[in-house]
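Next come two complexes built around chain A: one with chain B, the other with chain C.
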Partner chain A sequence: MTDLLNRHSFVELGARQRAKALLDAGSYRELIDPFQRVMSPWLSRQGVVPQADDGVVIAKGTLDGLPVVIAAIEGNFQGGSLGEVGGAKIAGALELAAEDNRNGIPTRAVLLLETGGVRLQEANLGLAAIADIHAAIVDLRQYQPVIGVVAGSVGCFGGMSIAAGLCSYLLVTREARLGLNGPQVIEQEAGLEEYDSRDRPFIWSLTGGEQRFNSGLADRYVADDVAQIRQQISELLQQGLPATQRSRQADYYLARLAELDAAPQIEPATVRDLYQGERS
Partner chain B sequence: MSGLQWFNALSAGAAPVAGLPASLKVADGVLGEQAVRFIAVVPDAANRFPRARQGEVGLLEGWGLAKAVDEAIASGDQRPIIAIVDVPSQAYGRREEALGIHQALAGAADSYARARLAGHPVIALLVGKAMSGAFLAHGYQANRLIALRDPGVMVHAMGKASAARVTLRSVEELEALAASVPPMAYDIDSYASLGLLWETLTVSQIEQPTADDLARVSDCLVQAIKDIQNSGVRDLRGRLGAVNRAASSHVRELLREQW
Partner chain C sequence: METLSFEFPAGQPPKGRALVGCVGSGDLEVLLEPGTAGTLNIQVQTSVNGAEQRWQHLFQRLFQEQTPPALNIQIHDFGATPGVVRLRLEQGFEELGHD
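What follows is the complex of A and B.
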């Protein structure tokens, strides 16, 4: 009980507060802040009110004294969807972090992922920006760890779930969901029998943070607490690059999938058993 | 089926690469005088995963693409990689989500991006649909994107029916909006206006390429390979600069100033 009272929820914080909570006190500096009003050029004409930061916060600072750039997606603006401006902010920040490293400055990156993926009102420019983000993660990852955090409550979907899969390390909470396709879209494409988007326990049992961690598809499973999340990110930053990047384990996953009887519909336990022991 | 047709035409006489899922066609052939690897995702009616039988990029396809590209990187010869793109979508299914299709697609994107960074010219040839997550896994990490000019060739984030549902519009409303908002459009000319394509080509028979069609496309691929090799650029900056993508450049300039 005392433990609960002492906790400060990370999930309840907005993108800007999250970034501030992670960085060393006094080190937070936002780039292209909302007062600069760099907004989506595409939303107004579709009757959607744009936001002054386009739903993405880029902050530089230090974490335990290490140079870090944080890209935080605001899940409360348009479902955390990525359009041209927000996407370019994340890609551009990662590109500059990689350039820093080529110039001898060891900038690391932390991505706070609350996103449904591409913003459909900016469809192809969102998709292109996400391809740029993928490219930039793979580039930066050569030098320093890129840490993905899916805390909740939006979760991480679409092209940005691929970005999560490219991160050096992935940290999730019990509130997190991580999957390529949103439940509604799967139901629309494949039918209710395949995927019931309104069955929340079912969705969480397959794509929730605990299941992803227990299946080896995430590296840390943390309580929804600012101090604990900060501590885990700090440890991962100190750890440096992972011995083996999860997205480079094609042989391992192809071998596991070859063992699976794919005929019956799948259960969460089947996934855990199949991928068990993956974590080294 | 354009993907398979173009794969067969371009890789005629090439050595097929074994040890990959049946839904992947991979061959080491020659383009001009250069050894290249061709890669396509094709329908496989016998796919063990029922939601990935019509050319969708699913679990086996994502990890299989990663393996096919990794092998090319391991050859150490910086051979060009030609991704032939005709992918209707990623696979939508319970097995796919449960088994981490996002991670499989990350595997593919990872390998293509590392190939590019390692100096392999990577080219995506769009001969059909290039949809959403499927395109992110197979093609979007290329140095150069080349599209055939045809109503069947399209790039998009989501099919029309689902996009309409998610944005709470009717399909008709969506189409009307798409006509006036270039990034929302489904046609290749609107896509070209975003500056993401290096070249568009007209062919006479996209479903069954003629000798002339094949020669035109092959020549364009050879030019693209040379262009990449001469530029020495291994990132994706060549896609920036179009008026319809001005904000992407503007944001980068501001970030650099304020960094």
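What follows is the complex of A and C.
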């Protein structure tokens, strides 16, 4: 009980509060802050109310003394969807961090991913921005780790799940979900018998943080607690670059997938064994 | 979606600015910035059409209790109830005082 009372939930924080909670006290500096009103030019025209920061917070500062840029997506605004402006903010922040490294400043990046992926109202512009984010992660991760955090409750889907896969390290909580397609899209395509998007235990058993960690697709599995999440991110930042980036192990994963018998309904344990293989 | 404008008498502008809330379901985002002495300007962009009178009454009731500081307020509303709007505005005024 005291444990529960002492816990300070990270999932319940908004994007800006999350970034503030991670950075060293007094070091927080926001880039393109909401008062500059760099907003989506497309939402109002389609009758959708915009947000002053387009749902993306870019903050520079230090984390345990290390120079860091944080990109935090606000999951409560349009499902954390990425449009032209929000996407460009993240891509630009990562590109500047890579530039920092080429100029001798070892800026690391932390991405707080709560997103359904591309914002459908901004279609190709959102897709292009997400492609820019992918390229910028691959560039920056040569120098310093890029850490993805999927805390929940939105989860991380679509093109941004690929961004999560490109990160040097990925940290998840029990609330997290990670998948290329969201549950409703899969249900629509595969049918209710195969994939019931309202069956929460079933959805989490396949795409939830614990399952992704046990399948080796995430590097850290952490409780929903600000101090513990911050501690784990700090450790990963100090660890430096991984020996092999996960996305460079495509051959290994493809070989495992080739062994899968897709005929029977897949079980969470089957997925874990498949991905872990001899490592489990 | 509708965009509405309101103006009320006000006191002096505050020093700081504040941002509260989020454009999420049943919530709103409020940006408060120093304005011209004597005037409070409010711009509301809302997903709910035909609610101008409700906003007018809500602001009137809030500002007749005490004269507000001179501000430019921008609101992005995503279907917040009057109760939530009032709480967010009060939170915004409170945060102005902290700066």
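Just so it is clear, the second predicted complex is superposed on the first by the 276 of 280 C-alpha atoms of A that agree within 3 Å, B and C clash if a C-alpha of one lies under 4 Å from a C-alpha of the other, contacts with A are read in each partner's own complex, and residues count from 1 in each chain.
What we mean here is this: a residue touches a chain if its C-beta (ideal position, glycine included) is under 8 Å from a C-beta of that chain, and two chains touch if they have at least 3 such contacts.
Predicted, not measured: the structure shown is a model, and the values here were computed from it.
For the composite obtained by superposing both complexes on chain A, the positions of chain B and chain C are free of clash and fit together. Seen from the Cα centre of chain A, chain B and chain C lie 110° apart once the structures are superposed, a value rounded to the nearest 10. In the superposed model, A:158 makes contact with chain B only, not with chain C. In the superposition on chain A, A:248 makes contact with chain B only, while chain C stays out of contact range.
For chain A, the partner touching the most residues, choosing from chain B and chain C, is B. When the two complexes are overlaid on their common chain A, residue A:213 makes contact with neither chain B nor chain C.
Looking at the shared chain after the overlay, A:204 reaches neither chain B nor chain C.
Within the superposed three-chain model, A:31 lies in touch with chain B and out of touch with chain C [touch as defined at top]. Contacts of A:125 after superposition: chain B is touched, whereas chain C is not reached. After superposing both complexes on chain A, the closest C-alpha pair between chain B and chain C lies 14 Å apart. For chain B in complex with chain A, the residues that touch the partner chain are 48-49, 51, 59-60, 63-64, 66-67, 70, 89-90, 92-107, 109-111, 113-114, 116-117, 132-133, 135-137, 140-141, 155-159, 161-163, 165-167, 177, 180-185, 191, 194, 196, 235-236, 239, 245-248, 250-252, 254-256, 258-259.
Only residues 1, 17, 19, 22-25, 27, 29, 31, 33, 45-47, 74, 76-78 of chain C touch chain A when the two sit together in their complex.
Taken in their complex, chain A has these residues touching chain B: 31-32, 36, 38, 40-42, 45-46, 58, 60, 84-85, 87-89, 92-93, 95-96, 117-118, 120-132, 134-135, 138-139, 142, 158-159, 161-166, 178-182, 184-186, 188-190, 194-195, 206-207, 212, 215, 217, 245-251, 253-254, 257, 260, 262, 265-266, 268, 270-271, 274. Considering their complex, residues 14, 34-35, 44, 47-52, 55, 74, 76-78 of chain A touch chain C.
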